[in-house]
Every structure is written in C-alpha cells, then in structure tokens.
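Two complexes, one shared chain (subunit A), two partners (subunit B, subunit C).
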Partner chain A sequence: MRLDRRQFDLLTLTIVLVLSTHVGHLPLWANLAAGLLVGGRWLQRSYRPGLGAMPVWLRLPLTLGLPVAVIAQFGTVLGLEPGSVLAIGMLVLKLGESEKVRDARAALTFAGFILMAALLFDQGLLGALHVAVAVGLVFLCLRELEIPPGERRGPLFGRELLGGARAIALSVAAAVPLTLLVFLFLPRLAQPLWGAPDNLDARTGVSEVMTPGQFQSLMIDDSPAFRVQFATGQPPPPQQRYWRGLVLNRFDGLNWTRTDSSSHRPVESNLQLLSAPLDYEVTMEPTQQRWLFPLDVPTAAPERFLRNVDLTLTGFRPIGAVQRFSMSSALEFRLAGLNPTQRQNALALPYGYNPRAQALGAQWREQYGDNAERIAAAAMKLFRDEFSYTLTPPPLGRNGMDDFIFETKAGYCEYFASAFAVLLRSAGVPTRVVVGYQGGFWNPTGEYLLVRQSDAHAWNEVWLGERGWVRMDPTAAVRPERVSLGSRAASGAETSWYRSEWLMTLRDRWDLVNQLWNEVVVQFDTLRQQGLLRQFGVAQADWNQLALAFAIGTSLLLAFALWWALRAGRDRQDLIDRAYAALCRRLQRAGVERAAHEGPAAYLQRLRAALPQSAAELEPLFADYIRLRYARRDADAAESRRFAQAARRFRPRRNSG
Partner chain B sequence: MNAGAALRRRWQEVLALAERRLPALTRLRRAEPLPIRLDRRRIYVLPTLFGLVFGSMLVVMALGALNYNNNPALLLTCLMTATAFLSVLIGFRNLDGLSLRAVQAEPCYAGDLLDVALVFDPAGRRRETLCINMGAAASVIRGDADSLPRAQLQVPTQRRGYMTLPRIKVFTTWPYGLFRCWSWLNPQQQVLVFPRPEAAVSALPPQPQAADTGSVRMRGDEFGALREYRVSDPLRLIAWKASARHDRLLVRDPELPQNPERILDFDSLPQLDLEARIARLARWVLLAEEQRVRYTLRLPRQQLGPDLGSAHAYRCLRELALL
Partner chain C sequence: MPDTPVALPAELRTNLDRAVAQVNSVVLGKASQVNLAFVSLLAGGHLLIEDLPGVGKTTLAHALAATLDLSFQRIQFTSDLLPSDIIGVSIFERDHNRFEFHPGPLFAQLVLADEINRATPKTQSALLEAMAEQQVTVDGRSHALPAPFFVVATQNPLDLAGTYPLPDSQLDRFLLRISLDYPSREAERELLTSANRQQIIAKLAPCMSAAEIQTLREHVGAVVTSPALIDYVQGLISITRAHAEIRIGLSPRAGLALLMAARSHALVAGRGYCLPEDVQAVFVPVAAHRLTLSGAGTRDRLQLARALLNEVPVR
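Now for the complex of A and B:
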C-alpha cells in the first residue's frame, strides 16, 4: 500500500526528531547532508509525488559513498561513533526510498535502534526526555500506518493527530509499570559481550597534562563533574574544598606532566592525620580517565583503585559510566618523607627556558636563604600586588612564564600555579602542581555538593621541611573570592548573561532532578538489584528470589491488563433499540406492558385501545421504529438520532388530561 | 503473473481441502445463526512478520544496552517492548465483542459477482481498522461506537440455487501492526443465486392458439382497461358506451388487449436438457418482464401466474433456481 501524504509527512517528522537526538555529536558534514536529503525528499514528495522514490542513479552513489565518508572521517566503520553515523545515513536513505507502508515500517524499526544509540552518547535526563518524545512519535507513526488511506481527511496537524497522540500517550503510560518491572529485574551483564565501551558520554574534564591556557574551555563548562554527599550532612567550608586529582611534577617549559614514580605506594609512616577523617560518597560523571578526585588526602583507596605515593587515586580501568565511590578523607594532615629522587624531581626545571624567572628565584634564594616559607611568601606577595585575574589572558611566547610574570601579569589558576612552581623551584624550594577541582555548590534541597567542570583548578604544594608538603594557592592570593566563593565569583565582570545568579539557581534546581535521574536510573546496577527485595525482608536477594519476585510482579500486572482487556463493555445495544426499550418502559409505567412475544405493530394495536389519548403521538413513533428497524435499507445515523430524541420526549398522557 | 495466480488458486484448494479434512486445525466451526458475537474463545493472536522483525530489533537493542551497561537505553528498550507487548490487548479489544448482525445479498445470476454486505454491530465500542476477508474478497471497516459498519464484498458465484457463503475472516493488526488478531465467522445464512439466463434467445414463445382470453375480455367494456382520451388516440379505440355513461371520452387501453398472456412451459422444451431448459425459461421470464407481457410459468409440479412485475419475476426465478 502506498503511503499517502499524511503518513509520509508524519514519517518525515518522526525521522527528523529521531535524527535530532544525534545532532550534538555528529560531524558537521553528516548533519548537513542528513538535513539536505530529508528536506529535499520531503519537498519532492510534497510537490512532485509522481517522481516516486529516489532513483537508482542517485541512491547507489549515496549508498556507496556513505561508508567511504565514514571511513574518511573516523578511519573505520566499527565502533560506536562511526557505527551511528552509518546507521543514521542508512535511515536517511531509507526515507529516500520510502514509498510504501512496509518501507515506512522498516524505517521506523530502524529508528528505534538509532534512538537507543543516542542514549549511549548522552545518558542525561534531557537527552532521555528527547528520546522519549521521539519514541512516542514512532508509535504514533506506526498507528497512522494502520489507518486505511481512504479514511483520512484534513491536514496532518489536526484533531485526528491530537486524538492519536492522546491514545499513544495513554498506551505508553499504561506500559510504564511493566517497563519498570522488567527494567528492575533484568539481569545485568557482568562482562561486556563485545568491544569495551569507549569515549561514551565523556567530558574530558581535567586531564593528565596541564598547560597554561588549557582550562579555558573547561572554565565555562557548567556541566557537572561529580556530586558529593557527606556522612555528616554538611560540607566542609569552601576554603577546604580542594579536590585533588593529579600531582604534576615534570615541567618541560610548556606543559606540566606526571612522573612515573607517582604510581608507587605511599609509605604509611609518612602520613600523619591530624583531624578525624570525613566520610563522603562521590558520584562521578564518566570521564574516561582513571583517576578520582578525593577531598584532600584519602585515608584509603576505594576498591579497584590504588593510592599513589603523592596520595592521589588511580584506578585500574577508566571511569566509563556514572559511578559511585565511598571515600574518607582527612582535612588536616602532615605528609612527610621526601627521598632524594623525589626531591630532585620537585626541583627540576628545563634548561634554557624562562631565564628571567630563574634569575628572580635565585635572587630570592640569596635574599632569604634556606627559608622556604619566606620565599613562598615573597612569591605570594608578588602575585597579590601586581597580578590580576582574568579568564581571557593575553597569549604567551616561548618563555611563557617569563612573559607571564614580567609582562602580561594576568591569567587564571593554571598560569599562577605554573609561575609559582617555576619561581619556587628556581629558588630551590621543592614545589609541585596539583590539578583537580576547588569549591562546589551546596544544594540544600538535595543535601549534596555539586562540583562543575568550571570548578577545575590548579594549585601548588610546597615542601616546607618539617611541615612536609603544604598546599599553597597563588590564585587565592590574586583573587581570594575564587576560593571562598567559587569560580563563578572569581570571573566577576566577565560573567555572561547565561551564568547570571537567578538562572544559576534555576539550574541548580534542575541539577537536583538530574541527580535524581542519575541516582535512580543511570547508576542502577547489580548491587542495587540485589537490594530490591529489602522491603520484603530479603537483604541480599539471589537470582532465584529475584526471578520469583519478577514472576509474581509480572503475573499481577498481566492479570490486571487481562482484566481490562476482557472486561465486557456494557452491552448498550444500538441507539434505536435503546430508545425503543426506554419508550416501552415508560409505557409499562403507564400501565401497558409489552409482552415478550409482541412486535411493535401488535403492541401499537393494544396501545391504541389502552391509551387513546396518546395514540396520535405514538403512531408516528412506532411507524418510525418499524421503518428504521425493519426496512430493507439500514437507518442512517441522523435518522436514528431523530427517532431517539422523539422517543425520549414522549410522555404518556393521563386519562384525565 | 500467471504462475502467481495458479499458485494462489492451488493454495486456496489446499486450504479448502484442509478445511474439509481438518476442521479442528483450521478452526472451522459449524455454521451458526446470526448474530455471531466474537469473544475470547474464538479470537486468535499471532505476531505478524513485521512484529517479528520489530521484536528482533528490540532484542538487538537490549543486547546493546546491556553490553554498554547503559540504563537509560535499557529503560527505552523495556518501554518499547512493554508498549509493543500490551498492544496485543488493544488489538484484542478491537475485535472482542464485535458481532456480525446481518448478511445482506441481492440475488444475482450464476457466474456473476454477488454483492454481499456484512453488517456489524460494534457493541458500543469504537472499532478501528478491521479487515474482512471472504474467500478472495476483502474489505476494510472502521466505525464509531454508534455506527453500524458495513463491509461490502463481491463473491464469485458458480451455480444456481442457495449458496453457502465462504467463511469470513475478520482480522485486525491495530494498533501498530505488530500482532494480528483474527477470528472466523461461519454464518448459517445462505444466499440465493438465480440461474444464468440463456444468452442467445431473444424471442418469447409464440402465443397459445386455443385460449384466446384477450378477445374474450375485449367484448365487455367493464373488463377492458379504460383511460381518459388523449388527443392522439385513434377514434376506433374510443369506448363510446362507457364514455356516454361517464360523460367524458374514455378509450380502451391498447396495451393489454394486444399482448395477451404467454405460457412459459417447462414441458414444451423436450429437446433440451434440464439446465438448458432452465436457462431458456429464465431468459423468457426476463424477456416477458422487459416487454411487459403477463406470463405464466409452468413447472413440473407447480404453476406460477399469470402475473407480471418484479415480485412475480422473483418468485419465478427462485423456483427455477431451486428446481
């Protein structure tokens, strides 16, 4: 059966919505090509329907060109991203040749698959809602395909579509309980069946290499990095919210990178906790990186993670999905122990770079001697007095730190941390750079701390002899608000409209919903599955118990659904019979009951004698009934309604009146 | 094309054989009186081919979602599966409670297509797309709760006499085309098929010589049909006596007396076999109706007429059909 205009329009609309779930991550050429092809096809079908499907001379090159283009872009057709581009291209081409109902069905089936792929890229709540709307449209389109072509009138967006949308919304909503049941009880795979998931839904966040200027895109990214819930229910004060990610020791004049020794286990005796550990849970967004961001110094590494000698945490596998970690940290501590190799690493500077900064460091060394604290204070004073904070610093040359310290004097955390380390190392004080996050927004409604990508930060740790490694934050010297009020306050006048206060409040509320979605849906796993039956007294359910619970739940739901389906509608007869039955009841009350065997003609005969005063009204009523019911031709709806109205209006007259 | 048609005919034959030999397997029911109401005992459900394809896509989706350990994708798959699965019930409800209320058919001549109208009662529920198949004929109905949807079908006929209609298949793939719910209806109703009139004959049998009833009638004015004079009437037709009595000009109607009745006698055609005789008689009946000639049909055990008109023709053709 050929698709009619309405069906085709709806199909196009559905496919456009399905494709739009992928727009965010597709390469530009793919977006443009898909838009052009879908739009062109729609125009052709609307204004030149006689041309039919896309001709072979157009379809064949496109079909062959698609994998070529994908390989040119990604180097392969395997993998999630190239695969999804390929699938989207196939869907667009399918629309090009969709002329019949079966083509449309094939396209819609495929669209379901593409919607699932969209969720692999973006698991967020907004993305999921987008996909949900598209799924509704897919079902609406399938329903539209079931309506025979002759039956449809009117434009696409009319009452009919509204009625259809209502029906779809109802039936999808009715499917929700069963959906949840299956979702909760479906066993999860312990190992992926194929290919390790890569680059999915990842924001790189803080990376292994720090280069001044690199954070720039990060600083304006308001997406969440992780969320933290504290056992005490209260977060530590803002000045103590330093989330240590990586310790960077090696400087090559441009980049700060890690040294290999950082993967050694720490010597326990070197770490001395000076305050009670703070327990908290971190819910990480996927980073595809292997490290965590504990608050200051973690007392132990979570499972599958190692605590390095610099007290950062490195995992065995990258964090590919939203994951939750229980951790415990000390906010006050003493980290001692610096062996000669480490000392050498913490002092190394590349030869031939930044001579002016090195000279200044050497000058301080002569001035203050061995007193590291005074040297650090001098550097802090320099920053505080002469430097300014900006998110758009001027570019730097080959001797970047010289340029920064003596010429531009404006930048943000990366610049300060880098310059501070260069100065102190030049003065012979072991110093390293730490990257991670600082601050976070406390959501009082949800009682959790939200740390955004824009909270990314870099600071230093300085070796102060007896006191061990001590945190020093040169950025705080330049712009104290950065630490006390967060990154948003620091950027000050540079705040653009979309980061204004009221909007941010709204976005924090929205983040609460997102957090709920993350917690309930995205992070659901085998462990929680086993806890499903806790309400029924089973602390950790095994598979048999889960299967039993699933069977019981499904049976109950299906029994209810079957009851709905089998429940007989009231046998309302039809309009004419109902009206006639009501008429007979009224006559019965007036004293003339219709005998079971009596047809309308015989009954009327009796009525004429029994109720002569009403006969004049009854005659046409009965004549109509006989005609409507027994005539060769079926009664049309208008006639039936007229008869029903007339029968309703009839009242038997009393003998006296 | 030809091979396809042959294959389809072959398939119909196999089906017919299966229906005769394996009534239980083909769900053939004994013919039932109207109205026939569909209920859960006689509604069957199976996935369509598209349903199977859609199902395998859902399996692939579930595998993908599980593999990537992606809960939102899994949730989407579950939602689509549950919606698709529950559409069985919507389809079932579309069929459940529906009843076949009447089978209406105008008789036709053997070999022609018989127009059959099936009148359904939606039992107070809106009925979405329902497909009605009867043999090779197909029709689609939809209707509101208050309507009486009619399915118009054309069934080929072969023989004269009462014909049992092929059994009726009612099915629906509503709402998404994933599942097909169907049921069989086998109403008791038989429809009448008239004999096929002989094609070549164009003349009525000659007037019977002995019984000159027409002239007898013409003698008395009271027996002749009289009507008012019209300007073009010939003078010889004026019934003068009657005109005198009624004070206006009356004429004898020329039609009746000039076409005395004919006798269509079954026994007058000994040279033909039974079917040929019936065909000849049927043609004569139609010719007589066409020429407005009163006629009597004489069959071996009964005689119909003399009379004229559609009711008489119907009676005659029915008797011929059932001979």
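Now for the complex of A and C:
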C-alpha cells in the first residue's frame, strides 16, 4: 500500500524529530547532508509525488559513500560516534526510498534504535525528554500507518491525530509498570557495555595542563561540574571551599604540567589533620578524566581511586558517566615532607624564559634572604597593589610571565597563579600550582552545593619550611570577592545579560531538577540497586539472584497481562452483560447452568422449578434484565447500575428443606 | 408479565387471546401450531402446512376462517386447474358491450389453497405472484386483492405421483412452514369422543374483525427489537451462511422474515418487545424451508435448523 500524503508528512516529521536528538554531536557535514536529503525528499514527495522513490542511480552512490565518509571522518566505522553517523545516514536513505507502508514501518523501527543511541550520548533530563517525545511520535506514526492510506482526509493535526495520541499515551502508561520493574531489577553492569563516547570535546573541564588563557572558555561555562551534599547539611565557609584537582609542578615557560613523581603514595606521617574530617558526597558529571575534586585536603581515597603524594585523587578509569563518591576531608591540616628531588622539582624554571621576573625574584631573595614568608608577602603585595582582575586579558608574548607581570598586569586566576609561582621559584621558594575549583553555589532548596565549570580556579602552594606546604591564593589578593563570593561576583562589571539575577535564580531551580534526575534515574547503579534490595530484606543480591527475581517478576506481570487480556476478550460486554454473566455463574454453582443458547425467559422458567426458594428474588432481577436488555433500544445508565448492584448482591438460597 | 413499551389496547388483547383459545378448542393439542398460524397472520405472511392427509390441516384453516371475521374461499388444487380458475376471468358482456372482470376464488381475505402441489407450476406461480404482490393483473388491468390477504396452503409431502412439489425458491414466499403431526394420546381421545369437528366449527362465532387484524399488524411493526436481539438474529443468520452442511444460507429477505415473525410471536405472547425465545420459537418454521443443504451431513432441514439454535449463544 502506498503511503498517502498525510502519512508521509507525519513520517517525515517523526524522522526529523528523531534526527534532532543527534544534531548536537554529529559532524557538521552529516547534519547538513541529512537536512538536505530529508528536506529534498519531502519537497519531491509533496510536489512531484509521481517521481516515486529515490532512484537507484542516486541511492547507490549515497549508500556506498556513507561508510567512506564515516571512515574519512573517524578512521573507523566501529565505535559509538561512527556507528551513530552510519545508522543515521541509513535512516535518511530509508526515508528516501519509503513509498509503501512497509518501508515506513521498517524506517520507524530503525528510528527506535537511533533514539537509543541518542541516550548514550546524553543522559541529561532535557535529552531524555527530547528522546521521550520522539519515541511517542514514533509510536503515533506507527499507529497512523495501520489506517489504510487515503482513508483519512482531514488535516494532519486534527482530531483524529489527537485521538491517536490519547491511545498511544494509554498504551505507554500501561507499559510503565513493566518498565519500572526492568529499571529496578534488571541486573546492571558497573560500566555500560557499549562504553562512553570517545571524545567529549566541548566539555573539557579542568585539564591536565595549565596554560594562562586556557580557562577562558571555561570561565563563562555555567554548566555544572559536580554537586556536593554534606553530612552535616551545611557547607564550609566560602573561603575554605577549595576543590583540589591536580598539582602541577613542571613549568616549561608556557605550560604547567604534572610530574610523574606526583603519583607516588603519600607518607602517612607527613599529613597532620588539625580539624575533624568533614564527610560529604560528590556527584560528578562525566569528565572523561581520571581525577576527582575533593575538598582540600582529602583524608582518604574512595574505592577504585588512589591518593597520591601531593594529595590528589586519581582513579584507574576515566569518569564516563554521572557518578557519586563518598569522601571525607580535613579543612585544617599540615602537609610536611619535601625530599631533595621534590624540592628540586618545586624550584625548577626553564632556562631563558621570563628574565625580568627571574631578576625580580632574585632581588627579593637578596632583600629578604631565607624568609619565605616575607618573600610571599612581597609577591602578594605586588599583586594586590598593581594588578587587576579581568576575564578578557590582553594577549601575552613569548616571555608570557614577564609581559604579564610588568606590562599588562591584568588577568585571572591562571595568570596570577602562574606568575606567583614563577616569582617565588625565582626567589628560591619551593612553589607549585594547584588547579581545581573554588567556591560553589549553595542551593538551599536542594541542600547541596553546586560547583560550575566557571568556578574553575588555580592557586598555589608554597613551602614555608616548618609549616610545610601552605595554600596561597594570589587571585584572592587581587580580587577578594572571587574567593568570598565566587566567580560571578569577581567578574563584576563584565556580567552579561544571561547572568542577571532573576535568570540565575531560574537556573538554580533548573539545576535542582537536574540534580534530582541524576540522583533518581541516571545514577541508579549496581550499588543503589543493592541498597534498594536491602530495604526489601535481600542482604547480598548477586547477579544470579537478580536475574532470577527479574525473570519471576516479569513472568508474573506477563501472566497477569495475559489473564487480563483473555478476560477482557471473553466478556467485552457492558455493565449489564457482566452483571448478568456473574449472576448466571452464581446460579450455575447453585446447580442450574444456563445453556449458552438459552434466553433469559426460558432460563427463568427452569430456575423457578429448580430453585423455588430463590424464585421470589430472581423474578424481579430477571424482569429488570429483560427490560434493560430487550425492551429498550439503549439502556439507561443509572438503571443499569442499579441492576448490576442488585445482581451482585444476589446469593442463591440453600434449600431449607 | 413485564410492562410493554407500547401497550396493546385491552379489548384487542382479549379478542386476540379469545381467538387463539377458540382455534385451540377446535384443533386439539396443537397450541404451538395454532400460535404460529396467528404469528403468520399478524406478521402479514402466508402459511404453508405440510403434512400427511387427515391430521387436521383443513380443520385448522377452517377454524381460523370461522374465528376471524374474514371472507373465506377454499381452492382445491388439481392438475387441471388453470390460473384463470383461481384469479378470475374477463368475459364479454353483451348487454354492456364490453369485457367485464369476474373475480375468481382468490378474491377473499382468507384463502385455503388445498394440496397446492397437485396444480401445475403455471397455476402455482399465479397463486404465488398474487401472494407476493397482493394484487392480480388480468388483461392489462390490475385488481387489488382484499386486505388483509392471508393464504393458508397445504401440501402433502408423501403422495408424489402426479404432483409438482413447490421448488425451493418459491417456498420462500411462505413466511412459515409448519407441520401438524399426530395428536397426543389425550388430544386424540378427546377428538374421538367429542362432536364432529365440522359441527363445532359451524357453531363458532367470529371474534376478530379485519380492522382489528390490521391494527394488530401495525402493533407488530412497533414491537421493540433491542440491539442485543439484533445481535442474536445476526448470529443465527451468519451461522447458516458458514455451516458445512448448508449450501445456501438465509438470504437478507429471510432475515427480515425471521425478525418480523419473532416480533409477531412476541405480540401474540403479549409482549411489546422481542426476546431471544421469540426468535427461537419461529426460527425452525421460518428458516428450515429456506435452507439449501450441501449434502455433507445426514440431517434433514428440520433437524439441522433445530441444531443450529443450539449453536448460537444468547449473550
């Protein structure tokens, strides 16, 4: 059967919506080609329907060219992204050759697969809603295909489609219990089978290399980095919200990077905790990186993570999905221990770079001697007096730090931390750079602290002899609001319209919704599943038990659905018929079975003889039934209910004799 | 009895009941056949009685005629009977110098066509045409038959020599086909001991007028048939069309006849609405002679029609 115009329109609309779930992560050429082909096909089908399906001379090169283009882009056809592009291309080509209802059905079934792939890329609330809408439309379209082409003549978005949508909503609602069962009890793998997307180029977050100017895009990115809930329910004061990411030791004149030795295990005696540990839970957005951001400083590493000698936490695998970690940190501490190699690392500067900064450092060294604290204070004073904070600093040349310290004197945390470290190292004070996040927004409704990408920060740790490594934040010297009020306050006059107050409130609310979605749906992993089962008395659920429980649950549900369907089929009757059938069943148990072909009057005749003790009750019941069923063209609803109630109340009397 | 949607006037009701009772007093032990005769009369259909000679076919027709205040004619069909013998003939009247139509015995309200299968097909056709159209045409002029027009035909199924049994297609003209069968032992004893039937019939007083019959026919049309009942009738019709032993099932006209007869049965039983029991009571007389068997089974039409009733459930 050939698709009629409205069916094709609906099919095109559905496929466009399905494709739109992928727009964000497809290569540009794929987006353009898909749009062009779908649009062209729709125009052709609308205005030149006589031309039929896409001809072979066009279809064949496109079909063969698709894998070639994918390989050219990704180097392989395997993997999530190349696979998705391939599948999307096939769906578009399928639309090109869809002329019959059968084609459309195949295309829609395949579209379901593509929607599943979309969820692998984005598990956020909006993405999920997008996919849900597309799934609904796919169902609706499949339903419309069941109607013979040409039968419906009204406008596409008419009452008929609304009726279809209602039916689909009902069917989907009927599927919810089974879906919930699957969600709760289907055994989960710790890592998804298909792996995470390979490169999330847009969402870098804090990276392993720090170059002044690199945070630029990060500082205006308001997407969440992680969320924290504290055991006490209250966050630490803003000045103590330093989220330690990586410690960078090596400077090559431009970039700060890690040293290999930093991954050594710490010597326990070097760390002295001066305050009680603070317990909290961090919900990380996927970073595709291996490290965590604990509060300065972590007392222990969570499972599958190691605590390094510089008190950073690195894991064995990148964080590819939203994950939750229980951590504990001490806000007051003393970190000692500096062996000669480490000292050397913490003093090294590249030869031939930034001579003026090195000269200034050397000058301080002469002026203050060994007194590291005074040198640091001098540096802080320099920053405080002469530097300004801006998110759009002027560009720097080859001797970047010289340019910054002596010429431009304007920048943000990366610049200050880098310059501070260069100055102090020049003065012979061991110094290193720490990158991570600082601050966070307390969401009072959700009682959690939200740390955004824009809260990314860099600061320093300076070796002050007996006091060990001490955190110093030159940015705070330039712009105290950055630390006390957060990155938003720091950017001050540079606030754009999209950071206005009311919008931010709205975004906080929205973030809360996202947090709930993460908490309830996305992070429902093996551990949470076991936690749930524990509440039902299953202490240690293993794979087999879960599979068994799932199989039993599903079978029960299916058995129930089957029973219900059969029952519904057996007496798909109205109220009167059901009540009469129930009455007849009761009379059958009393020993007088109604033959299938027996009319009510004949049956009553027999009942009078067989159950004389109940006859007085049966007479009016049957009279009502006969009147409602046969003396009316359509029965009165109230009367029907009355009869149904009376019929249900009836119980055959035992023979008293 | 439950209330009736359209109540029959009390006088009409008593007259009908009295008429039925009166015929029953003559034709002993045949209450259901008598009932069906009235069903046929009130449904506006014709009645075919098929049975052996001497079981009371003619007595039933005579009793009906005597009970109903209708003009009555009896036509004894023979092999030399011509159409004009029953319809009438145009004769040239010398006095008026023109042809004048002399109506035949068919021009009566109640016609007993005795042993209809003895006449030639030509004569049978003349009768059946008149039954279907309620009028006859002679020399290009139509003459309306009186109303009500009710034919009771009898047919002897066994005595086949020199007969022309009605073909299946023409059986369709009769709303009901019934058979009388031997009377029960008690009925026969009463028959043997009581007075001559002819004398009893001669003493009967009519208790229903032609006008009353017309009113009753209108009431039959007003009998309620609910959707549930129509479902049941449709179930019966469709099973005859899909049955292995039946070559040709019930036609739409047969379906209409079934429903009409069921309504009439309901009215005679005193109800203003139809029950499945009404349909069941008339199904065999209405349907059996309209079925064409395929030869796949061993049952005859009557047995098959009775069996079909047990195969269709009443909701």
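Rule of thumb we're sticking to: the second predicted complex is superposed on the first by the 518 of 657 C-alpha atoms of A that agree within 3 Å, B and C clash if a C-alpha of one lies under 4 Å from a C-alpha of the other, contacts with A are read in each partner's own complex, and residues count from 1 in each chain.
In the analysis below, a contact is a pair of C-beta atoms (placed from the backbone, for glycine too) under 8 Å apart; a residue touches a chain by one contact, two chains touch by 3 or more.
What you see is a predicted model; the values in this text were computed from it and never measured.
A.B. asks: For subunit A, which side has the bigger count of touched residues, subunit B or subunit C?
C.D. replies: Subunit A has more residues touched by B than by the other partner.
A.B. asks: A:Leu506 in the overlay: touching subunit B, subunit C, both, or neither? Say first, second, both or neither.
C.D. replies: neither
A.B. asks: If you stack the two complexes on chain A, which partner ends up touching A:Arg629: first (subunit B), second (subunit C), both, or neither?
C.D. replies: The second partner, subunit C, only.
A.B. asks: After the superposition on A, what does A:Asp577 contact: first (subunit B), second (subunit C), both or neither?
C.D. replies: It touches subunit C, and subunit B stays clear.
A.B. asks: Where does A:Glu598 make contact in the superposed view: on subunit B (first), on subunit C (second), on both, or on neither?
C.D. replies: second
A.B. asks: For A:Ala128, using the defined touch cut-off, is the partner it touches subunit B, subunit C, both, or neither? Pick first, second, both or neither.
C.D. replies: The answer is first: A:Ala128 touches subunit B but not subunit C.
A.B. asks: With both complexes superposed on chain A, which partner does A:Glu146 reach: first (subunit B), second (subunit C), both or neither?
C.D. replies: A:Glu146 contacts subunit B only, not subunit C.
A.B. asks: What is the shared patch of subunit A, the residues that subunit B and subunit C both contact?
C.D. replies: 573, 634
A.B. asks: Per the contact definition, I'd like the list of subunit A residues that touch subunit B in the complex.
C.D. replies: Residues in contact with subunit B: 102, 105-106, 109-110, 112-113, 115-117, 119-120, 123, 127-128, 131-132, 135, 139, 142-143, 145-148, 151, 167, 171-172, 174-176, 178-180, 182-183, 186, 188-189, 192-194, 197, 200, 321, 521-525, 561-562, 564-566, 568-575, 634, 637, 640.
A.B. asks: Would you pull the subunit B residues touching subunit A in the complex into a rising list?
C.D. replies: 40, 50, 53-54, 57-58, 60-83, 85-87, 89-90, 92-93, 96-97, 119, 121, 123-125, 128-129, 140, 142, 145-148, 150, 173-178
A.B. asks: Where on subunit A does subunit C make contact in their complex?
C.D. replies: Within the complex, subunit A touches subunit C at residues 573, 577, 580, 595-602, 623, 626-627, 629-634.
A.B. asks: Quick one: in the complex, what on subunit C touches subunit A?
C.D. replies: Where subunit C meets subunit A, its residues are 2-5, 224, 226-229, 272-277, 280, 309-315.
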